[in-house]
Each structure stands twice: as structure tokens, then as C-alpha cells.
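All chains are identified by letter, namely A, B, C and D, in their written order; residue positions are counted from 1 within each chain.
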Amino acid sequence: MDILLQSIVTGVLLGGLYAIIGVGMSMIFGIMRLTNIAHGDIMILSSFLTMFFMQHVIGNPVAALLLTIAVMLVFGFCIQHFLINNVISKGDEPALLVTFGLSIIVSNGLFLIFGPAARGVPTELIRTNLINANGISVSSMYALNFVVAVAVIIALSLIMGRTSLGRGIRAASSDTLMSELLGVNTKRMYVYAMLLTVTTASIAGMLVGMTFTFYPTTGTQYLIIAFGCVVIGGMGSLVGTLLGGVILGLAQLVGASFLGSAYQQLIGFLVLLVILAVRPQGLLSKAVRK
Amino acid sequence: MNGIFSKGPAGMAGPAWHARRIAPIAVLAVLVSLAFWGSDYLLSIMILIMCYMAIGQMWNLLGGYAGLVSLGQQSFIGLGGYTLAKITQVYHLPVILAFVLAAVISVLFALLISIPVFKMKGVYFTIGTWIVAECLALFFSTWSFSNYAQGYTITATYAFSTAQIYLVALAVGVGALIVVMAVLRSRLGLALMAMRDNAAASEVRGVEQYRTKLKCFLISAAVTGIAGAALYLNQAFIQPANAFGISWTVSMVFIAIIGGMGTVEGPIIGAVIFVLLRQALYNFPGISMMLLGLIAIAIIMIAPRGIMGIIRRKTQFEIFPVRRHPSA
Amino acid sequence: MNTILEVRDLGISFGSNQVLKSVSFDLYENEILGVIGPNGAGKTVMLNILSGILKPGKGSVSFMGRDILPMSIVERTRLGFGRTFQIPRSFENMTAYENGLIGSVYGTGATERAASLKVPAILEMIGLSDRKGVFAGKLGLIDRKRLEIGVALASNPKLLLLDEVAGGLTESEVSDILGIVRGIKEAGVSVIWIEHVLQTMLEGTDRVMLLAEGRDVVCGPPEAVMSSKEVETAYLGA
Amino acid sequence: MISEKEAILTLDGLNVSHGDLQAIFDVSMRFPRGKIVSIIGANGAGKSTLLNTIMGVHRPTSGTIAFEGRDITGARTSGIASLGIAMTPEGSRVFEDMTVTENLLMGAYLPAAKRKRGEQFEKVFSMFPMLKEKSSQLATFLSGGQRQMLAIARAIMMDPKLLICDEVSLGLAPVIIKDIYRKIGEINETGVSIILVEQEVRRSLQHSAYSYVMAKGRIVMEGASDALPIDEVNDAYFGINRFA
């Protein structure tokens, strides 16, 4: 019983981490109808950057994160402005394949620079427990992940729902021509959306780097997880992404508690496949397939 | 073979018509003869070109013709490879049986997963097929039947000379080409052409979308499975992470994009460039992949129809015609 | 006269927008029924329901006594529905001949060989035999409209749905189209023809129905409908 | 004929093609400042293409478009809008998943309009009290007429110099159409120049000072609206003598 309870607690918290990985992908999909295959690699890129800044520039993790975000903003601007904006109107496929190429470039670039070894962002949090009672333990790192995820998702929801910037982005996404007629430069809105996305990916990258070890090629693995959160929660829904992450985390850990930890990932993927086949529009989405 | 390569436009006769009939036979003769005079190094490169051309053709049949952008074709490579390993290494049965079974198992598996993945549209299909492959990788590394994550060393390889393996690869490569040509020249090909042009309109004209796409999916699974067996016959060592790894599909996508999606010639050009570039930068694997990524992005942005698209626009050149012409 | 198509109380809404409120009519065998109405009256939506692209919210449609609403687009095509689109949806990267093949092979289930014997005759009928090998995307508007009709005909339809085939054409081109449609009728096909150019409707149809604000307002002989108060109101405002 | 000086918007020798098909043939038009001008034509006459070209959605193959003497040919749509041209496109195109207020805020997106936002809100709400009542409702729950009002109100939020209304009466009940035209008149009285694009001849002539009649991509008739004989406009509209 304790094992199950422990699995549920850890699963929910892990789901928070998954959600913050997925939330950027959800934004990009919701706004540009683009599945960013490079999303996982962009996140791992920021894991490496944070690690690099902490080791060589500044020890403070928050300062390193800010530096990472700064670099990633430039990177995000470039890929959106020079690459994606130029193919987004040519249908789904070209944009998808561009991000696919980008994914290969980023992961191989990281491989060239940092080599194949496993890396981590150093932190004490992973070794300490926030709660340790009645056989249930909660790792400080997992707790931090969840809190940050919730905070980021609330912040993003506020930006998208309440600010002029968010309205502009939403308008550009729902009716490009009408937005242009109202003076909204829709391509610029896409750039802003990408900037928000890489910011969340940077935060996710640091948390992932602190929680798990990572390699240059780990990006693809997290892409599937991100995609999972997004699909379960309904493409484009921010709160849904959190729910998606939690369901995925729970499925993995509860499943593993029955079948053994070797099956943790497999169970997660199978749950995802079933959901994709049965309700491809997501669990929360009200949309009906035509 | 003749039937497939020789159908020129009606009313076409004389030298050009003969060239069209003779040239493929001549090229094939040269390729076969290579087994007897080519150096082992040349042959080992040709093996890769042939196998990659085959899997590139199959990805192109899905992505370039049927509108099914899959990132999960590595499922069939892995199944083909494991079939070979299991048949030769564990059951000590002839290699040829492994090739037949590779196709059969791939088709059956494709049929099985078509139930969920064909419910997914567009990008959902793309990622869904990928997740299937990842599931296979995870499952095979926990499955005693496939010897967990250790996989197998395929000793059958050492019973063959490089030239013999080359002939197998050649058969796979040419076979894939013939399959694609046969598909494109059949009723199915006509439907694919229409669907690619305007899916909604093709449905109004009576083209069943589901069935047409499923046929392509199964055909490409069969050939990719066979090519997987050939690739692992050459590689002699198989493990789940590698066998079901996304990098197989990465290469297929690059081959199709660079050569030209939706053309028969494209994957041939793409496979040659892919293998040669990778071989030239053999000691810098990261750089060759980055370079391929850059080339692919540049091509999507500048010339979306690939190298073959550029050649066609300039010259109307076509080695493998699939168009229909009214009889005189 | 035998009724080939029976439409009763057809309605459809998009969100809160009730595009078709209630449309009922009969189509007789070997008849050309013209459908007119101002922009937004729901004419194309009605055709899309008939050919299976849209599912209606209410009402019934029976074709030769069979309820067709549960049928898919492809099933209806095989059953004998042919149609053209306002903006021609020919296969632009395929030649006129190949476009015809698609219609014949997949509309009737014929083999490619059988179709290759039939298609040239159809191209002849629609006046495109000298442009067989031209890509549909390279054809001019009139030829593309002709080709649309040809591809629809290649599937041996019993009922042909024409959506604005005369729109955007010059007067002599329109009379060409009129000739083709008359030929189709003589071959025993029933036609529902939507058009904005009222003149064409007057000359080319057996009966005309006015569709306005999602309802069938009047239906009858072309001259009577055209000179009715209802048409005046619908087109020129009250 | 309207003089160059009076004109707020000038089109000169415009030709527009979609691929191989030419849609607009050598169109020259002048729209006087402060007046309502109507463009009348049947479906397919080229009205929408013309508007889209003015707004920078299509690029003309030749010819120029000038707004207040400034060449805007080929400029980006959002750039043209920011100069003070608002357009309510066919079918209202309100943002369905935004509230009425949010839709109006989208109208005041440009910095200049954002500064005058409070004032514009008052103006719009006094003109369309219905919108004030429904201000926190999602636009998707509005009726057809209410959507059209919202679309016009959103355009007013931009504080435009020129308002282009494309088929505002499409699919609406006569009472509502009447109401909308009254509002358009009121907007015009505040000094906004207006272009009305319509299919309905009588109403167009009634509500405008000057009219252009389009058929098959060309201007076939123009003149002061009260001087145009309605029968001739009708004939031009249908392209041919209707019942001949």
C-alpha cells in the first residue's frame, strides 16, 4: 500500500516536470499548428547551457538560468524569424521537417561539443527529502519541479489570457488575416510565442538537468514525453498540459509499481498510444473530430 | 523487369525508345558485375547505398506519395534485423527464410499497428508511429525471447563474402525500385497521384483514402523489413536501442528530402549523397549529421522538391516515367 | 415522371449560424433542376450535403428510393453521384487524360485498361481531346470547368451536381457549357445546377428553384420563377 | 469624377491575377474623403479581390494604390491597417473564443488606438448599447447580426480614417440590415470615409454618395449614386440584359 501511495505521490510530482517540458510544445502547437520536433533538443540544449554557465561563468543557478534564457531567446528568435516563419504558410509538412532537421543539428552539435558522456546540473536538492514520514518520502527536487511547473503554467495562462501580448498572439493564431487587418503583425506574434516557448524550455531544461542525467541525444526521449502531455491534455491547452503531465507521470509510476520499474517508460508510451487512438483531440478538448 | 522499365510514352519509337529499354539492363549488368571486380571497400559502400536507397524509397512511398509522414519506419528495420538474428543465430535456419519471414512479420505488425495509428491524422500519425517504435525498443530490451538489451551477434554474416552480401543488397535495392515502379504504375499509383494532388477531390471521385494508404503502409513495411534484414546481415550485430532507433528514419527522411520527395529518382540520388557524405566524414559522425541537417533545411526552404525537382524543372528529365498516356 | 432524388426538410447549422433552415424538393429522372439564390443562401452547402461532404443536422435525402445520408462520399460516388466544384478541383499536376482516368477507374471500379478506352470519348464530348496531355493546372478556366464536368461524367453518374459551372465565363463560353450540359441530359443523366448567372439558368434548365435565407422559396418553370416577386426581392433587396 | 485632391484613397490602373487567371482589369478609382462610396457587383465580379488588393493581401501585377497621397502598393497588411484603414471582412470574422470586450481590445491593438482606448470604448458602447450588455460574453454566442455589429465596433476601435465594409448585410434579416446601415451613416457623420461593398443594388445606391459598378473584374459604370438610373445599374450588375 505504501509503495502504491509513494508511486502516486512521485508520479504526480514527476508529472509536474513533464508538464513544464510539454507546455512550450503545447503553445507552439496551439498557436502555429506546428509540431516542433526540435522541442526536446531545444530543452536539452538549455540543460547543457545551464550546466556550462554554472561550471564556467557563475555558480549561482538562478543567474546561470538567466544567462541561459538570454542565449535561448536569441536562438529562439533566429529559428522562428529565419526558418519557421518562412515555411509556416506552405502547409504542415515543410515546417515539421524543418524542425526535424533542427533537432538533428542541435543534438549532433551538442554531441560534438560536449561528447557522449552523461551530464548533470549539480544540485543538493536531489539528495534531500522535503518530507520523510510514514514510509513516504518526497524529494526536494521533485517538489521544486512541481511548484515551478504550476507557477510557470499560471504565469503563461495569465500572459495569454490577460495581457495585450497574449491577446495578440491568440488573435494571430485564430484568424491570421483578420488580425493583420487590425494592424497585428502576425509573423511578429509567432516570434513572441516562440520566445515564450524557449523561456519555458530553458526553465524545464534546468530542472531536468538537476533531476536526471542527460546526454546530447536525450532530447528525443523528452520530445515524446512533451508530446504525450500535450496530446493527453489537448493540444494548445495550458492547464490541460499540466493534467496530461500528471496522468503520464502517474501511469508510469503506478504501472511500474505493479510490473517493475523496467516497464515504467513502456507503460507510459502504451497509455499514450491508446489515448492517441481513442481520443486524438485530447482528454480535455471539447473539439469533436469531423 | 522489362515490363516495368520499358513502357515509354505511346508512339515513342526509335533510338530514344531503345535507349530507355536497354539502359536499365546495361546499368543492372554493370552493377551485378561489380560483385566480381569491385574492391571490398567499394562493395561495402555499394551495400549501404543499395540498402539505404531501398528504405529511402519506402519512406518516400509513404511520405512523398501517400501523405503519411512516418517517423516509425525503424520498427520494421528492427523487426527485420531481429528476424534475421533469431532465425540464423538461434534456430540455425537458412538466411533466405529470414528474409521471407522479415517481410511477413513486418506486414503483420504493420497491420496490427494500423488499427491505432490509422486513427491518427497528420502529425499525430507521425508521432504515433514513432512511439510505436520506441515501445518496441523498450519491449525488446526487457524481453527474454530477444535476449534483453544484449541482443545478438549475427555470425551468419561471416559465412558470406562481401561480394555475396553485396548481391543480396543489390537485389533488395533493385527489388525496392521495382516495387515502387509497379505500385506507381498500377491503379493504386493513379489513386496516390490524385490524393497527393487534392485529397478532398479524390475522395469525391471515388478514391477510398483509408484503403489506399493502408496498402502503401503494408508494402513499405514489407520492403523495409527485408532491407532491415539485409542491413543487419551486413552489420552482424543487433541491439534494441540501435535496431529501433530513430536514426534509421532520420536517414530515410534526409534521403527523400535531399533527393526529392515524391519522385522515384530522388531516393536514389539522396542515398548516394547520404552514404558518401557519411563515409567521407566517417571519423566525424556528428559533423556529417549536422551537415545533412543543414542541407535538408536549406532544401526545404529553397527547393522543396529536392535535387530531382531542380533537375526536372530545368530539363524535364525522367528515368522512371510513371505518367499515363492515351494509346494512339 | 419518376422521382430520382427526394429531399425533405434538410437543415444544417454551423455554430449558431443556421445556414439551411428547411429545404425540400424532388428531382425527376432526366431533368435539369436549376438552383438560384443570393450569396449566402446555402446553395453550395446543400450540394455538399448531397455529395456527402457535410452531414445535415436534420432532414432526409433518398436517391432512387435509398436513404443515402449514412453513406460515405466514396459510396455515393459509386452509387452514381457526380459533381463539380465552383472553383474547379481538378488534379492540377495530372494531365487532362489522367484526370479522366481517375474519374473512370475510381468512380466505376473499372480497370485502367477499360478506362483508357472510355476516357478519350469523354474528352471528345467536352471538347478537350486536343488537350489530353496538358496538365490540368495549365488549362484556362473554361477548360478546367469542362474537365470538371468530364471527370464527373467519367464515373457514369446518374445524378450530376453542378456548382457554378458558368461563373466567370464569357457569353460564348457559357453557351459551350450549355451545350455540354444538354448533351449530358440527352444521355439520360439528371442534373442539379447551381448558378448565379440567371440568364444561363433560364436557357439551360427544366425547372428552377429559388433558395433564400436557407429555405426553398419558389420552384417551377424557369420563366415563371425568374420573373417572380420573390427573385426580385432576394436579389435586389426589398 | 472625383478630383485627386478630394480623394482619400486612389487606385490607378490596377491589374490583379490569381496565377494564370486575371481577376481585375485596369481598375482606377477615387474615393472622396468623408463620403460613403459603394462598390456594387454580383458574386465573382472581383469586389473581394479588389478589397484584398487594397489591404495588401494580394499584390497587383501592375498599377498603384495610394492612401492620403502615400503609395501603399504591396505593403504588409498590418502596415496598411496601421495607417488608418479598417476593414470589416465578409462574414464578420469575430474572434470566436474571445469575449466581446477582448474583441474590441483587439481593435485597439495599435499603439495610437491603444492610447485613446477609453474614449473609443465609450463611443462604441453608446453607438452599440447591446455590446455593453454582452461585454463579457464570448463572441461565439452572439447572433449573426450581433457579430456584424461587433465587427463594425471593433473596426471603430481602430479610430480609422477610412472604413471598408465588405458585404455587411450578408445573411441578415432586413430589420437588422436597416439598423446596421443607420450605424454606418452615424459613423460617417463623425468624419470617417466609408467604402461599402454590396451585392444589393438598391440599398447601395440609397446609402452612398457615389457608386462604382463592377462586372467581370472591370468598372462598368460610375457616378453620383442619386444620378445613376437603377435599371441600368441592374443590367450592368447582371452583366447582360437580364430577361432578354
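Following the convention adopted for this analysis, contacts are C-beta pairs under 8 Å (C-beta built on N, C-alpha and C of every residue); 3 or more make two chains touch, one makes a residue touch a chain.
This one's a predicted model, so the numbers in the text were calculated from it and none came from an experiment.
The chains touching chain B as well as chain C do not exist; no chain touches both. The leading chain pair by number of C-beta pairs in contact is A-B. Relative to the C-alpha centre of chain A, the farthest chain centre belongs to C.
Chain B and chain D have Cα centroids separated by 54 Å. Between chain A and chain C, the centres computed from C-alpha atoms are 49 Å apart. Chain C and chain D have Cα centroids separated by 32 Å. The set of chain D residues that touch two or more partner chains comprises 96. Taken as a contact graph, the chains are arranged in a single closed ring, with each chain touching exactly two others. Listed by chain label, the pairs that touch are A-B, A-D, B-C, C-D. By the touch rule above, chain A contacts chain B in their complex via residues 35, 83, 86-87, 90, 92-94, 96-98, 100-102, 104-105, 108-109, 111-112, 220, 224, 227, 231, 262-263, 265-266, 269-270, 272-274, 276-278, 280.
Within the complex, the chain C residues that touch chain D are 15-17, 38-40, 138, 140-141, 164, 167-168, 171, 196-199, 202, 213, 226-227, 235-238. Contact residues of chain C toward chain B in the complex are 51, 53, 73-74, 77-78, 83, 85, 89-95, 97-98, 101-103, 105-108, 111-112, 116, 119-120, 132-133, 151, 155. The touching residues of chain A, when paired with chain D in their complex, are 164, 167-168, 170-171, 174-175, 177-186. Here chain D touches chain C in the complex through residues 20-21, 42-44, 96, 140-144, 167, 170-171, 174, 199-203, 216, 234, 238-240, 242-244, going by the rule given at the top.
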